[in-house]
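As written, the chains take the letters A, B, C, D and E, and residue 1 is the first residue of each chain.
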Amino acid sequence: MPKKYSIHAHKTDPRFPPIGKYATVEFREDCAGSCRQCVKKRCVFHIFRDNFTHWSTMSEPEYLYTCKSCYRCVEECTKGIFSLAINPEYRTLGDDYWKAGIINSTWAQAHTGSIPVSGAGYRGPFAAEGFDSIWTDMSEIVRPTRDGIHGREYINTMVELSKRPMRLRFNPDGTLASEEAPVLEIPLPVVLQQPAFGVLSKTVLLAMAAAASSVGTLLFIKAEEYTPFFSPYAAHLVPCVTKDTYARYADLIKGSRMVEIAYGPGLDEALSGLKAINPDLFIAVGLPLDSAAAGRAGELARTCVDTLHLTGSDYGREVGTDNPRHLKDMIRDVHLALVGNRIRHRINLVFSGGIALAEHVAKSLICGADAVGIDLPLLIALECRLCKRCTQGKRCPVKLEAVELDWGKNRIVNLLAAWHNQLLEVMGACGIREARRMRGELGRSMWFDDLERDSFGPVFGKRKVTGIG
Amino acid sequence: MSRGKLEQTLGEGKFAVTAEVGPPRGANAEVILKKAALLKGCVDAVNVTDNQTAIVRMSSISACAHLVQLGMEPVMQMVTRDRNRIALQSDIMGAYSLGIRNMLCLSGDHQTFGSEPGAMNVHDIDSVHLIHTVKTMRDEGRDMSGYELNVAPRMFIGAAENPFADPFEYRVIRLAKKVAAGVDFIQTQCVYDMARFKEWMKQARDRGLTEKVYILAGVTPLKSARMAKYMAAKVAGITIPEQMITRMEGVAKEHAAAEGIKICLETIQELREIPGLSGIHIMAIEWEEKVAEIVKAAGLFPRP
Amino acid sequence: MKKVKSKVRCKGKQQLPEVVQTPSRYRNPIGKFLVKRNAKCVSCGLCAKLCPYGVHVRSGKYTQPMRPLEHKCIGTKCQANDFYCVKRCPQHALSVKLNPILDTIGDYRWSSEMILAHWHMAETGTLPSGELEYRLGYSNGGFDKIRFRIPDPKEYLDIPDEEIDTSICLNKRNDGRPVRMISHPCYGGGMSFGSTSLSVLVGRARAAKRLNSFTCTGEGGYPDAFVPYRDNIITQVATGLFGVREETLLHTPMIEFKYAQGAKPGLGGHLLGDKVTPEVAKIRETVVGSSLFSPFPFHSVYSVEDHKKHLDWVKEVNPRALVSVKVSTPSDADMVAVGSYYAGANVIHFDGSYGGTGAAPDIAKKNIAMPIEYAIPKVHRFLVAEGVRDEMCFMASGGIRNAMDVAKAIALGADGAVIGTADLIALECVRCSNCESGRGCARSIATTDAELGKQISEEYTEQRLVNMYSAWRRQWCELLRQYGMRSIKELVGRSDLLVNMDYLDEEERQAYQPTPKKKLVL
Amino acid sequence: MVMEKVHRMSNKGGAAHTRKPRITVFHCFTALEDTASLEGGDYEIQGIKMPCSSISREVFLLRAFEAGADAVVVLVCPVNSCRYVQGNIRTEKRVTRVKKILDEIGIGGHRLNMFNIVQGDEAAARRIIEQTVAELGEWGLSAAA
Amino acid sequence: MIVGEQKPLEEIKAKVSGYSRILILGCGTCVKTCFAGGEDEVATLASALRLSFKLEGRTIQIEEQTVERQCEDEFIKEAATNIAEVKAVVSLACGAGVQMVASRFPQVTLLPGVNTTFIGILEKAGLFTEKCLGCGNCIVDLFGGICPIGRCAKRLFHGPCGGSSKGKCEVNPDTDCAWQLIVDHAAATGQLDKLAEYVPPKDWRTSQAGGPRKVHREDHEI
């Protein structure tokens, strides 16, 4: 049994008031708020208390981040002057994929390190595109669940990113004859990667590196970003190079455990070049998650490459096509293609792009990934609002350039702690004790189309619409 | 002590006539004496206002004292606006000592309409209290505190009433209240709206008030159509019927004054026929020279 | 599909509990419309005389007009009436407008209108006016895509509600245990003392008694206040075994084994320390202020055989009690159902993944196990195929929100439904999802906070529930009449009466109310 | 007297004269979705989105001037179409009051204006901004900015 | 409640212009309700002053605080830290609050920012009207619950005066004539004759005429 792994969270307050979901609309002319029954003073969640003192320093309307929308202020105000509205900032926060709720929940996880828990049933749509059309299975009576969440049973989330030996050879006395191959393991199936945009100041990247180091995972980072400041975290950095640039980073490569090289012509040569620099180097190949991905994966599985890092769009979709398929289908395709060729065990697959929620990790694994890479959630953990103003050269509303290293590290560690615990929830319910065994366990998932067909088919006949409908 | 002329006239059941003069805005007694001279012999008593419309003037007591010296009978107006109960009582005693025998108890126009809008008003007691106070002083010989006075001021007590102010249904009750407090005679606001005045008088008669108090109807001759319109619009508590204004407008400017006096005379004529009415009170505002003319033309001359 | 005949029939007219107007606990109940009276009002009182819905009230001799009771307003459609206050007000002081607060209430499953409509039902016992959609939500799937097929007018059975039987039988096994009937095809789902305030729990029990139905203790033990209503209270035995004692097993007409809960399948219960007050701690036999975790799974049950032993144990303890097995909806739900049949359960209760909870990880509520809509036909078919369907009472729950959802679940193959969230909505829950935050439910429903908990009473709870179920019953009766049925038992498994919008051709679809779609900000 | 000073200061030139005019736009989101569509002219726009314009209290409007606005524009929905029935009426009254305060201060109430616009009519919003910028050319930039 | 009104900006500005750092102290009870001195008004005044001084090329440091009630020690002491750092405090409380703060912090100059106007009520949104003069001896029962002392320009006990016209007072034609209301009430309740009764003159000793007043509850004084 491996040493029990857990990530310790430290509550790390936001630096800016996060964008809350609610705003009160109240007519001051009808009341000055000095009523003894004032619902503002009696708010169970004290959301107005800060506003009282806050008032005099406010420069623009303050919306209610902590409002829980219990409506007691609306329903109990003696003058009936309250109404609740959705904060217009919240309405425009994020987009259809990176929904305001996701961003908000990510902020909360980075703040507290605890998993989002709420009462009442699920509030969302019945099913939706992408990962939202998969339910993970559970176990009951016949095949019991695992009691891992509160530590009664240990659930291991460790995965490898290194090649496994194809077969072991033994001496006549039964001792191992083959050399013990070096192993690159990460304690949770999540790697971090440098986002494609954002205020990626030195401290922001350092915070990501420090977080990766702290939880024991890896940060995929462009080699150009490397400076000596990163040296304390070198063991947890995966410099990303190309065949044209790798030679320049020989020193860095010598000190790294893994390097990612971009896919492209002349890769073989570059692979040997890398091995020449550092024979113990684990190699990842970075390639886009496009229609050729499955074929290339099969090709690369036969090389010395340990891991493929396949990146889809920020919206969890295939790249390079006008009609992109979703990540879940892409993962399944690449995975099954390798399985079909019986080479799945020769390579590790890391998928990234659009991994936004902890459940995406579990579902990606079930679809066939060994691990996933996350980028934007790291920025969101640092309070990024995904407004993309920085891409137009505008000022960052949350001053990402000014984050402090420890603060940033803690926020990211908190997020990973929360994700880890959520992964445990899903694995526990599935009755799976090893993240490695979750890979490709499609049988532990239920897909919208299958359920419709199997369960509703006999009742309603044939579906006349495609997709979710 | 002898009764005053006004009290006598009314007591004898004769139709009384009083008129009003305003003291000057200055210390020159000549003004008041000149005005009084115009009225001498044609009225029973002369009403001297107490800082009327809250404009600072020579005091009513002193003006009255001048009239007494002239051998005329004044009715001293006294408002509760400017004096508390100490000053009021002391002035009553003083006035009586100067030979003043009639007084009219009023609360007074509000100071914001006058020359000193920033003044603090007093309103320690109101006009009904004042009536009650004077009556107690006169009949019981005691001041408000109950102290026995060596000489009781035997004032003939008057008060004002405005049948044209709202609420109308309460006006007669208020009259009754003043009667109960001890008022002897009442001067009303100027009568233009005869119908309403008659109604009020009827209510007063029905309550038996005309048996208990002498009612003197106020009349004011209109000088011009402009004055009529101004009074109708701006002076609270005065109603002038539309047809009266039209009538004033209907005559040439130079004949307006004559028309005003004609209306006044018609009014007096009509008033004299109202049962229970004891006299008239002519308020010829800054037009004292016309009083004699009116009295004569109304057939109320000579005075007893 | 094979029709399932029930062995037991209920005879005679059903006694219906009395509906009593039970207004909101709050001063300004929320309505679909905003009714505003501006300063031009001269308090003439005409609006109060005109409005037949009681929006405008003049209280006694109080001269000022009261704030309009907006939630009673029937809204813009009133324009056609000659008593339309906005038009009639001589001062033009009134206005009626859609209430923008609806943007913030509710979610894809429980739409704002569905919530408001249930508040209306619970207040009045009647169905709301046509402007509130109370049958369908915005979830765009499952029940929200299923409709009852257009009935043939010839099928219509013109009989009054009293002659329609909505009762179901919980024991169809002929196993020597009592035949227990409940008057409605639903009973109350488990809510534990600790998660929910005592007055709500007792009020639910009182309502269950009046409605001749059941409510369930949940995993929180058996407070003394339950004893007077013990004939209507199911004792739950869950993995934490909190408060399970021999006497509490003996009190009860039915024992429920909770293996899983739809909202957090495969995960144990969790009661935050804040909610563990001295009273809660006493009943649960634990320490004040310490968080309580129920383990998962039953550590004594690792096989079907263990399961049977489990059931045998309680059957031994209480020979008169029925046994229910509450499970969630894994992909092998059908196997679980049959397993429970062979273990001797009277009731198999499936709780689908979108069910309610006092607190569960969001990841679990959304992702784990299948929605109940899929599980019902799957389980029903399997039980029929195994030839045991007639011996099992199959209850469904987890996202069954309203009367029509219940009917759809029955037509898909369940005998009835277990209701939790709707009960709470009747008590003015707004589904804000903060049952566990801070001092607990701000609306005094799911809280053990001394001060908050006092703001709700047993009487209120009881009557609001009676009212809501009365309104539900009207809907069931009307539905059954349309298909010429006299008993809701005839509806079981009649999935031929159902259509699914996604399985219809475009022109067929036109005949049905379209699936409501709305993009919400969540 | 204060007004003279304002003119003196803005006529002095220097930094105050060379910078772009700054306009703060308070808007209810039913009147205008976002001020992003108004950007791009020879001026700076700071948008403050609100669920209802009546949230803009006196102090917010004043603070906008403190924060450096040369003019403040309040965009509200058309008369009679407020989601909250009376929100825009209340805003109007408040704007009137703050205009008076601005007059007293010496900044001048004309720098604060409210307009009713229909959602989606971005051309109108743009015209309002352009008009304000043009007027700012006359008034000069705010000396309090 | 006590109704007040904020002083004109110009006046407040003149008062504070000699100081480089001031505290604006609001009061969260009566004057907050009448929009004269609550948090909002403190913030608005502070902002207006800052802007105004900025136009003159001056900066003045303005602290802002609002306590629950300036007329109670318990709440004033919350302001002690802030007050200690300034030379002048603009108090947006009623006269009682201003004086209370002044007496607790004698080292600072207290500048009133609010004119205390009357004891009144919120008639309707945005309208406050005077109802009571604090005479110290309530007799509204004689007048159908309408006080002629507080609400009649001439404090008439036997009104209305001749200036009452169409229900309004001649002194301020948009104010109801208190006596019209009294009579209306009496008429509506069939008690007109009760109003014919003589009401003796008032003993004004209970009012401010008797000097500053005290209410002394010995049972509460230990």
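Heads up, the rule we're going with is that a residue touches a chain if its C-beta (ideal position, glycine included) is under 8 Å from a C-beta of that chain, and two chains touch if they have at least 3 such contacts.
From a predicted model like this one, the values you see are computed outputs, not experimental measurements.
Under the contact definition stated at the top, the chains bordering both chain B and chain D are E. Contact tally for A-C versus A-D: the pair with more C-beta pairs in contact is A-C.
Separating the centre of chain C from that of chain E, both taken as means of CA atoms, is a distance of 55 Å. Our note on geometry: chain B versus chain C, Cα centroid distance of 83 Å, whole angstroms. The distance from the centre of chain A to the centre of chain E, with each centre set as the mean of the Cα atoms, comes to 60 Å. One inter-chain figure worth recording: chain B and chain E are separated by 40 Å, centre to centre, where each centre is the mean of the chain's CA atoms. For chain E, residues that reach two or more other chains under the stated contact definition are 40, 43, 125.
For chain B, residues touching at least two other chains: there are none. Looking at chain D, residues 57, 59, 63, 66, 84, 86 sit in touch with two or more other chains. Interface residues of chain A facing chain D in the complex, by the touch rule stated above, are 23, 25, 27-29, 58-61, 83, 85-89, 91-92.
By the touch rule above, chain E contacts chain D in their complex via residues 8-10, 40, 43-44, 47-48, 50-52, 54-57.
Contacts from chain A toward chain E in the complex involve residues 28-30, 32-34, 52, 55-58. Note for the complex: chain E touches chain B at residues 153-167, 170-171, 177, 179-180, 183-184, 187, 192-193, 195-198, 200-202, 204.
Within the complex formed with chain A, the chain E residues making contact are 28-30, 32-35, 38-40, 42-43, 46, 64-66, 125-126.
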